[in-house]
Each structure stands twice: as C-alpha cells, then as structure tokens.
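Both of the next two complexes hold subunit A, though its partner changes from subunit B to subunit C.
Right after this comes the complex of A and B.
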C-alpha cells in the first residue's frame, strides 16, 4: 500500500483523567447541552484533530455507538409507554450522529461514513481511509469512539466479554491522514492487517512474523510494540489497555500512543478484542 | 473497470425472494399494514415481512431453539439468494459488506425490559446479538466468507454506502467480488424513535403527494453481488457505473428545502458515471413521504433535470421505509428495472405538491431503451448518497 501519513492526531481518554475544556471546543451552548458524553468526546476530539484543515472525508467508527442515549431512550419508552419521548435522545442513539455533528461543525459536505463492526470498527474505517487516499482524496479524518456505561459493563461482564482483571474503558481518538507528510507528521502507516476468528498465542506470533517479513521489516527494527493483547514484544513494550481500558475501538488509543511515542524506526500495534478481532498496524517514523 | 451486478437477493413486506417481490411490484400489491409480529402500543401501519422468525429459521435450516435477531435472519435469507443467483463461491477474496441501522435491537429491547428491573435478570441469548456487527458476522459465517466483514451504519443511507464501498474495494483490487446491501428488522425502539420525531403517517404513506404526512416504516433485507467484468460467468443485470456520498451539513435530521445535498449526490454520481442528466431514464427516489424529504428531493431533481424530468417514483408505499436496508432492497429493484425494462409505480399518489407540480409514475410502465437508473438514499446526519446503475453493454 502507499504510505499514509498521520499529520495530526488527538485523544480524549477519560480513564487517564482527560477532561477537555468543552466550552472552548464546542462554543454553541445549546448544542453542547444536548450532547451526551460520547458525542461531546467525539466532537471535541474530532474538531481538535481537524483544526485549520479542510477535510475531504470524515470517517467515524464505533463498536456500540452512543450507549447512554440508547439506554435513555429505551427507558423513556418503557416508562412512558411511548408518549412524549424526547426525539433528541433517539437521534443521538443512531450510529452516524457523531459524523453528522462533525459535518455540521466543520461545514463539510465531504464524504461522510460510519462503521460499526464491533472490535473491527476502526479497522473498517482505516481500510476506507486507505481507499479514499488511493482515489486521490486528501486530509481524511478518521476517528474511533466508544463510551462506557454502568449497565453496559454489567452486561459485558455477564456475557464474559471482559476479563476479570480488565477494566472497561472508553475514549475518542482522531487522526488526520494524508498521502503527503507535513512538518507535523507524527508517523506513517506502512501496512495494516486484520483477522477475525480465534488464534492461539503461537498463531498470533506467526501471523506477526509473516506480516513483518511481508513488509521487509526485521524484528530488530521494531522499536516499540503497543500491545492490546498478548504477543511477542519487539522493542519497548507499551501495554496501552492498562491506560485506556478495554473497549471495541481501544486500538485507536493504541495507535495514538504508538504514533505519539515513536521517535525512530518502526512501531507495531497489535490489538485483540474479545479473542476474535485481531489487528496489526505497522508504523514508521 | 466495470463493476457488474451479477446476483440479487431480497426479502421485504411484498415477498420472500426476487420473484415474489417482482410479482407484487407488477401487480401493484402493497405489503404495508398492521403490525403483527411484536407487541407495540403504537397503532401505525408498517411494511412487515410476512414470514415470522420461526418460519425464517425453518427456511434457513437453523435449529428452532436458536436465538437469532430478526435483522440477521432477514439478512441471511436475502444474502443467500444473491450468492446463489450469482453462482458465486465465497472465499477469502470476496468481501461481505452489510448495513444496518438498528442491529439486534429487536432482541435487546426484550432483554432490557427485564434487565432494568434486576440486573441479574434477562436471557443473555437475547442481548448477544445487540451490536450492528452481529448480524453481519452471522451472515458471513453462514455464507463462508472468511475475510473480516464490514458493517456500515449511516442511518437511511447505509446500504447505498455498503454498495459503494464494495465497488471501490473491487476497483482497487482488494477483492474480486463483494456481497453488498443492508438489513433492518422492525422493533419497538425504532417505531417509537420515528414516532418521537413526529414523521410517522397514521395512514398509508403518500410520497410526493401534496397531502403527504410522513412515512411508514418497513423491514427487510436486500443484497447484490458485485463482480469484475472480467470474471463474468453470465450476463449481468447491469453495471454500477457511478456513486457519490456527500454530507449536506445542514441539519442533524432534516434536509435543506432546496435539496442541496441531494443535488450534490446525484450530480457527483452522474459525473463519475459519465452520464448526462438527460440520459437518465428513471430515478428511484428516496421518497420517504415526509413533507421535508420529498420537497427537498423534488427540488433537487428539478434543479438537475430542469424540464427534461425523467420518470421517477418511490417504492416505499409497497414496502415502507426499511431504513438501513432500503438502498439494498431498492437497488435490487433498480437492477431489475434495467434488466427487464420497466419502472415501478408510486402507489397512493393523487395530487402533485403545490411547490413543484411534479408527478411520479403511478402505473407499471415498460420502457424501451432504459439506459441509466439513479437510486437515491438520504438520511439522518446529513448523509446523502446516490448510485447510478447502467445497462450492461449499450
């Protein structure tokens, strides 16, 4: 694939105590007041990332969408028997609501897309971003967003979707991608790959070996491994889920951390969600 | 590179499979009526698929006891038909791209009613398929598509975006073929949602009519198989020659009265297809029957086509607004329109709207030499997408 540069990146990671100044980022008080936490997070992170640039595509990705608004609307429906429900809550429960808000606030008529493929949502978006750049678009804004709600975590634990030692996280990371670098470029994508299904630890390591050799990279050139699952570590180990927690689009946080930290050579991001959504990203400084 | 439509599959309120849908369209037989499959306090008509979950499971040869969201059952019915129709063997070089707006909410809302009383209650089987990805993965597994699947959720334009993505992946050589479309099941959550927006018509929906007062919801699934021209094994239905996805950036739910977004989407899709507006023979409109959409879409068509307005109609009076599935189901119809040279009637229309004076096709009409059909799908969040299908080999 052609090289894709990360020319701007932003992150809101509430488990780390990130609490941006929403008033400054979303000055429209009315709009801000109506937004749930996930929307606020996503809008703020997206606007920060795209500041000063005319984007030619907006891609938002989320595993489960605005859970708080979805739950609120369900409760209103069950409580009120369908009378006098708040349409804003329903609107905000739709998966592309963040993409729509970003288009409004960026005054952008550009391509606008939303992926909701559970633990591969962000990877779906990355595939699309690469296609768009291959078609000649510039400045593609790509984000991964999910929120944590109490009842959601209870259900995930009952389903066995969260390891007992894992904490349920959330966050909003955005990346401005282009085929040309700027002075501010954080890193470039060399390649990425996804696999759906179960893999043993050995199979994961073999997969990574093959991925690296397909890209002509030897293990010694990898200075940093951002692990969102267990794999053989090359270079420095960064266990990013200890910071952001476990959630469907946590890989976006892993990518953010790896791209921010990488000072030379290559970084590898390996993510695994629910033991069957695997992905690999190879970055280069 | 030509991306050809080689297989079609559909299930909707007017039938299970392409043949039944075709027959209902030809006879002008609507599937919109009273909701029977689940309890709801809302007394509104909707386009329910007449087949219940137990029967769908039987048709799909699934165990009776399997708890599967209706969204996934509908999807597998249509996707399986499309793959068989194309004679495609799914493998690692085939993409499955599916759209849905509601995912497995039909089961989750049942679960949540019990869960909120006691967080240890509720059958977990009912919530296992909550995410939008669950129906996609269910279908991918049953079709034998090994490549990680893709789920798109851009409200009412979702399936158009799935179709577009499939074509783009084929053009850039990522896959040799793609199974693309969308699925959505009716559920109380969606009904109440659209009710809260006050855009549900208590009577039958009347797209483009002066007295139109909202939409009727519907459910179903529609998938197309897209393949490279070089891989054709038989004559395709048509070619997907153009597509565009734009955002109107006007309002979170409403469309601009002048139809700016709709115009942009149609113009860009036609430009990509290399088709002049006067060569468009039929527009299968989004035509939801809401005052806002139909005015906006009509004005966009007037701005694009001027006094050379092609035939146009909305098929939503037949099947309801099937949301994430709509552009999947309706693109199946558009492909049939091109392959068989006909356009579908816009039921329930009597009076042109005062602002535009436009009248859709109201009778089943055979058209000789139909060359290009535009399919529109517009949605919440300002998402506007248009597709252009063209006759194979002019």
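Right after this comes the complex of A and C.
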C-alpha cells in the first residue's frame, strides 16, 4: 500500500480524566446545547484534529453510536406510545449524526461516510480512507468514537460482550491522513489487516509473524506493541485498554497512543474485540 | 398569566437544553426566533410544538398562525390561555 501519514491526531479519553472545555472548542451555542456527550466528544476531537486544514473527506466510525440519545429516544417512544417524539433525540440516534455535525462545522460538503460495523468499524473506515487516498484525495479525517452509558454496560455484561475483568470505556480519537508528510507527521502506516473469527493465542501470534514477514519487518524491528488483546509482545508493551477500557472502536485509542509514543522504528497495534474482531496495524516513524 | 409565563420559560430551558439560561434571562416579550431574541431555529419550533401538545394538550390547527403564536413567550402564553380547555 502507498504511504499514508498521520499528519495530525487528537484524543478525548474520559476514563483517563480528559474533560475538555467544550464551550471553547464548540463556540456555537445553538449547536452545542443539542449535543449529547458523545457528539461533544466527537465534534471537539474532530475539530481539533482538522484545525486549519481543508479536509477532502470525513469518515466517522462507531460501534454503537450515540447511546445516551438513542436510549432517551426509545424511552420517549415507550412513554408516549410512539407519538409526539422529540426531533433532536431522533436525529442524534442516527449513527451518521457526528459526521453531519463535523461537515457543518468544517463547512465541508466533501465525501462524508460513517461506518458502524461492530468491532471492525474503525478498521473499515481506515480501509475506506486508504482507498480514497489511493484515488488522489488529500487530507482525509478519520475518527473512532463510542460512548458508555450505565444501562448499556449492564446489557453488554449480561450478553457476555464484556469480560468480567474489563471495564467499559469510551473515547473519541481522530486522525488526519494524507499521502504527503508534514513536519508534524506522527507516524506512517506500513500496513493493516483484519480477521473475523475465533483465533487461539498461538494462531494470533502466527498471524502477526506472517503479517510482519509480509511487510519485510522482523520482530526485533518493532519497538512498541500496543496490545488490545492477548499476543506475544514485540518491543515495549502498551496495554492501551487499561487506559481507555473496552469498547467497539477502542483500537482508535490504541492507534493514537502508538502513533504518539513512536519515536523510532516500528509500532504494532493489535486489537481484539468480542473474541472475534481482530486487527493489526503496523506503523513506522 | 405570569405563572404560566414562568412555567413556559422553564419548559423551554429544559426541553431546548438552554444550558446557560435561567427563567430570569428570558424576556417574555422578546422574539424566540431570529438573531434578536433567543435565536431558536426550526428544530426548536418542533420541540415547542411538543411542549404545547404534551403539557397543555394543544395543537396548532392553523400553521399559518404559527409565526404569530410562536413569536415570544408571551404570545405562546396568550395562545395557551385562549385555547386551553
């Protein structure tokens, strides 16, 4: 694949205590007052990442969308017998609402796409970004966003979607991707890959070895492994889900941390969600 | 009438998420829409229709009169007073 550079990146990770000044980041009070937590996180993170750049595509990715607004909308539907429903919570219950808000605030009528595909939402958005950049587009804004709500966590635990020792996290990470580097480039993608299905620990390690070998990289070249699942560590280990928690687009936080920390050589991001959504991202400085 | 106006202001703050405002900040005579008053927009108009339906059992039968009824908190209160059963 052609070189794709991360020229800007931003993160809001509430489990780490991130509490931005949303009034300063989203000065339009009429827009801000309607936004739930997830929208505020996503818009603030996206605007920070794209500051000063004319983006040619906005790609947002989320596993479950604006859960708080969706819950409110569904409760109102029950309370009011399906009648007299609030337009705002309905609008925000749709998954592409963040992409729309970003387009409005960035004054961008360019390509705008949302991926909501469970544990591979972010990876599929990344694939789309790579294809767009391959077609010659510049400055693609890609983000991974999910939020946690109390009732959602109860349901996820009941359905076995969260390990007993995992904490349910949330966050909003954005990346400005381009085929040309800048002085501020954090890292470049070498390759990425996904696998859907169950894999044993041994199979994961074999898959990673094959992935590295296909890219002409040996284990010793990898300075940092951002682990969002169980795998053999190459270089320094960063268990990123201990910081951001478990959620469908947590891999975006892993990518953010790996790209931020990488000072030389290669960084590998391995993520596993629900035991069956595996992904690998290889970065180089 | 003044009690109804205070009640309406509270409904507006809660339903439109006017997070920085208190009832005292809302001028009952000022326009609700446009740049001069609260600066509400068309989505807020839908929310106000819901406030009237849910809390006062009122529907706007004649949409042409909407602009007049929704002009300010006071005109809303006038409409409720005149039409509430």
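The rule is simple: the second predicted complex is superposed on the first by the 284 of 285 C-alpha atoms of A that agree within 3 Å, B and C clash if a C-alpha of one lies under 4 Å from a C-alpha of the other, contacts with A are read in each partner's own complex, and residues count from 1 in each chain.
To be clear about the criterion, a residue touches a chain if its C-beta (ideal position, glycine included) is under 8 Å from a C-beta of that chain, and two chains touch if they have at least 3 such contacts.
Computed from a predicted model, the values in this text were never measured in an experiment.
A.B. asks: Please indicate which partner A:184 is in contact with in the superposed arrangement: first for subunit B, second for subunit C, both, or neither.
C.D. replies: Neither partner.
A.B. asks: Does the superposition put A:33 against subunit B (first), subunit C (second), both, or neither?
C.D. replies: second
A.B. asks: Would you check which partner chain A:87 touches, where first means subunit B only, second means subunit C only, and both and neither mean what they say?
C.D. replies: In the superposed model, A:87 contacts both subunit B and subunit C.
A.B. asks: After lining up the shared chain so the two structures overlap, which partner does A:51 touch, if you call subunit B first and subunit C second: first, second, both or neither?
C.D. replies: A:51: touches no partner chain.
A.B. asks: Which partner does A:218 reach: the first (subunit B), the second (subunit C), both, or neither?
C.D. replies: Touch partners of A:218: none, neither subunit B nor subunit C.
A.B. asks: Which partner reaches more residues of subunit A, subunit B or subunit C?
C.D. replies: Larger number of subunit A residues touched: B.
A.B. asks: Report for A:78: first if it touches subunit B alone, second if subunit C alone, otherwise both or neither.
C.D. replies: The first partner, subunit B, only.
A.B. asks: Can you list the residues of subunit A that touch subunit B in one structure and subunit C in the other?
C.D. replies: 85-87, 91
A.B. asks: Taking the complex as given, what residues does subunit C use to touch subunit A?
C.D. replies: Residues of subunit C touching subunit A: 15-20, 39, 41, 43, 46-47, 50, 53-54.
A.B. asks: Residue numbers of subunit A touching subunit B in their complex, please.
C.D. replies: Contact set of subunit A toward subunit B: 58, 63-65, 71, 73-75, 77-78, 81-82, 85-87, 90-91, 93-97, 99-101, 103-104, 106-121, 123-124, 127-128, 131, 134-135, 151, 154-155, 158-159, 194-196, 277.
A.B. asks: Touching subunit C in the complex: which residues of subunit A?
C.D. replies: Contacts found on subunit A: 29-30, 33-34, 80, 84-88, 91.
A.B. asks: Can you list the residues on subunit B that touch subunit A in the complex?
C.D. replies: Subunit B residues touching subunit A: 40-42, 101, 103, 109, 112-113, 115-116, 119-120, 124, 127-128, 130-134, 136-137, 148-155, 161, 165, 168-169, 172, 174, 188-189, 192-198, 245-253, 261, 264, 379-383.
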